[in-house]
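In the two complexes below, subunit A is the common chain; its partner is subunit B in one and subunit C in the other.
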Partner chain A sequence: MKESRLMLLQYSTAVLAVVLVAIHLVMQGIATPYSTAISYATILSIYRTWFYAIFLEALLVVVLVHGFNGVRIILHEWRQTAPWSRWVDLGTVVAIVATVAFGSRTVILAVFGGVAG
Partner chain B sequence: MKELRLVVQKFDPFSDAAPRLVEYAVPRREGMTVLDALLYARDYVDHSIGLRFSCRQASCGSCGMKINGRPRLACYTQVDELGAEKVVAQPLDNFAIIKDLVTDLGSFFQRHREVTPRLVRDDAQEQDHPTGEYLMKPEELSRVLQFTYCIKCGLCTSSCPTVATDERFPGPQALAQAYRYTADVRDQGGAERMAELDGTHGIWRCHFAGSCSYVCPKGVDPALGIQLLKRHVMSGRPPHSKDDATKVWKPAEKQQ
Partner chain C sequence: MSSGAEGKAKNRRGLSGWLNPYHYNFERWAYVFQRVTGVAILAYVIGHLGDTSFFVGGPTGTGPSESSWTFISGLVENSFGHLILILVVLVVIFHGANGIRLIVSELGLILGRPSPIEYPYRPKSLRSVQRVLIWVAIALALVGTGWAVLILFGGSI
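Our next item is the complex of A and B:
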């Protein structure tokens, strides 16, 4: 993929992350009192609401893509050899896929009842 | 007569283990440039001072060096404007030292060549056997005019933090020149030029520190050129298409 496309992805995920994190903080700190927001039952009920499940999945993907792509850029500036560049690009894809898969697992298990209520 | 304390960083990579600072006393006079002071020290005090210069009027870009910590042209910097009792002359950062204040600009000129810094056109026949002129409108000229003032002194590249860490980054001078030719309506090579620059170590590694524009002795704004180039690369279109490139104007048409 061209670097300009990756940078467009980086900028758009940055904007999206600001919006999604702001909504997340409003939901967790204002819409629901913070004292009950992090209770087990509240969190499970949030996961089992389709809107919130999709929202949390989007937040997961956006933040991880932005974060790992940012690390990729830093690592490319750190060293410039061809093998290093290949490993950095490959490592970034693997890291994004693995962490998104692991995070999605939590969302899927909660939504489909894999976690005890 | 007042004396100027001139400190020169001396280093010969073939014989010295590390750079050292040597201080010279130079008679100070009104209107004296740092180059004047260095030439006095070399002619009358220490013949071994290595420095490069040529035009003495900020046209050739040969005498770029770090003066009191900032990249400047020695011929274009008056001692009085520095407002200091001591003038410290050191070689430019981001370049290998050949001797004392003389740096190796080979990689700099190589990066410049790699962005194809010339007008690229499809009409080879017209260029070999011209029948007219390639005209520009004033507003088209104004888009690129400031970038044509570049004298390739290397000060911008010397001050660039990305060049300091990424040896494959073309640097502000080369990127500004890439914009200068790509935005020129007479040019048809924009797409090819931008494809080269849209890589891992291309224009996107510029973090817009702006130090290149801050130190340019000719008032060029390379940082602006790079941001404009980013805009065109992101949109996937050169500033003008090949079809929009200036047509040849025959002398008869010009008179109408």
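Our next item is the complex of A and C:
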């Protein structure tokens, strides 16, 4: 992908992240008292509400794409050799795929997994 | 000097040049903090993926587990953990608000009109609105931090 498009991706994920993180912070202390918000029963009911499950998955993807692409930009500014650029780009894709997969696993298991004691 | 050696000499300072605070102005500090807070937030998010995975029994879990969640809550829900959360709120709000300023300036909306360069050669694009918006980002971060302190250490909010 062209660098200009990657910067547009960085800016659009930044704006989306501001909105999604603001909602996430409000949910953790204003909409619901903090002690209730982090209780097992509340979290389970949030994961098992489709709207919030999709919201959390979107938050996961947006923040990780923005974060790892940001690190990629810093590393590209640091050094500019062709092999370095290739490894940084490859590492960024691997890091995004691995962390999104791990985070999505939590969301999927929380939504569909059998409840243990 | 060969062109390769020239290129190497130009880039010799690397990260130390980026982090060297000598002769930094206010906007440059905002730039450094934007990057440092960005990396710190990413590190926190990766750790947060780890601790939230305990809701489904940890990395090898198969579904929601109250005992696993109670275990991880016991590790992170204490004064030290809450102090980390407060720092996270501080840097997240600064990074978000300052980032919006950077996007708006990248669109050319708050740079001002071009004018002849005059002594003491301070860039016009960094005056007034930009500087005010950096202070707004700092103020929002401090207000958010106060809110987080009240929630985490203030009792039953």
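Observations on the model:
We adopt the following convention: the second predicted complex is superposed on the first by the 114 of 117 C-alpha atoms of A that agree within 3 Å, B and C clash if a C-alpha of one lies under 4 Å from a C-alpha of the other, contacts with A are read in each partner's own complex, and residues count from 1 in each chain.
As a working rule, a residue touches a chain if its C-beta (ideal position, glycine included) is under 8 Å from a C-beta of that chain, and two chains touch if they have at least 3 such contacts.
Quick caveat, the model's predicted, so the values are computed rather than measured.
By the touch criterion stated above, A:70 is placed in contact with subunit C alone, subunit B being left untouched. In the superposition on chain A, contact of A:78 is made with both subunit B and subunit C.
Contacts of A:42 after superposition on the shared chain: neither subunit B nor subunit C is touched. When the two complexes are superposed, the chain touching more residues of subunit A, out of subunit B and subunit C, is C. Look at A:18: by the touch rule set out above, it reaches subunit C but stays clear of subunit B.
Legend: residue contacts after superposition of the two complexes on their common chain; A:4 is shown touching subunit B, with no touch to subunit C.
Under the contact criterion defined above, the residues of subunit A that touch both subunit B in one complex and subunit C in the other are 77-78, 80.
Interface residues of subunit A facing subunit B in the complex, by the touch rule stated above, are 2-4, 7-8, 73, 76-78, 80, 85.
Here subunit C touches subunit A in the complex through residues 11, 14-15, 18, 35, 38-39, 41-42, 45-46, 49, 52-53, 55-57, 59, 61-70, 73, 77, 89, 92, 96, 99-100, 103, 106, 144, 147-148, 151-152, 156-157, going by the rule given at the top.
Of all residues in subunit A, only 11, 14-15, 17-18, 21-22, 25, 29, 33-35, 38, 40, 43-44, 47, 60, 63-64, 67-68, 70-71, 74, 77-80, 99, 102-103, 105-106, 109-110, 112-117 touch subunit C in the complex they form.
On the subunit B side of its complex with subunit A, the touching residues are 162, 165-168, 198-202, 204-205, 230, 233-234, 236.
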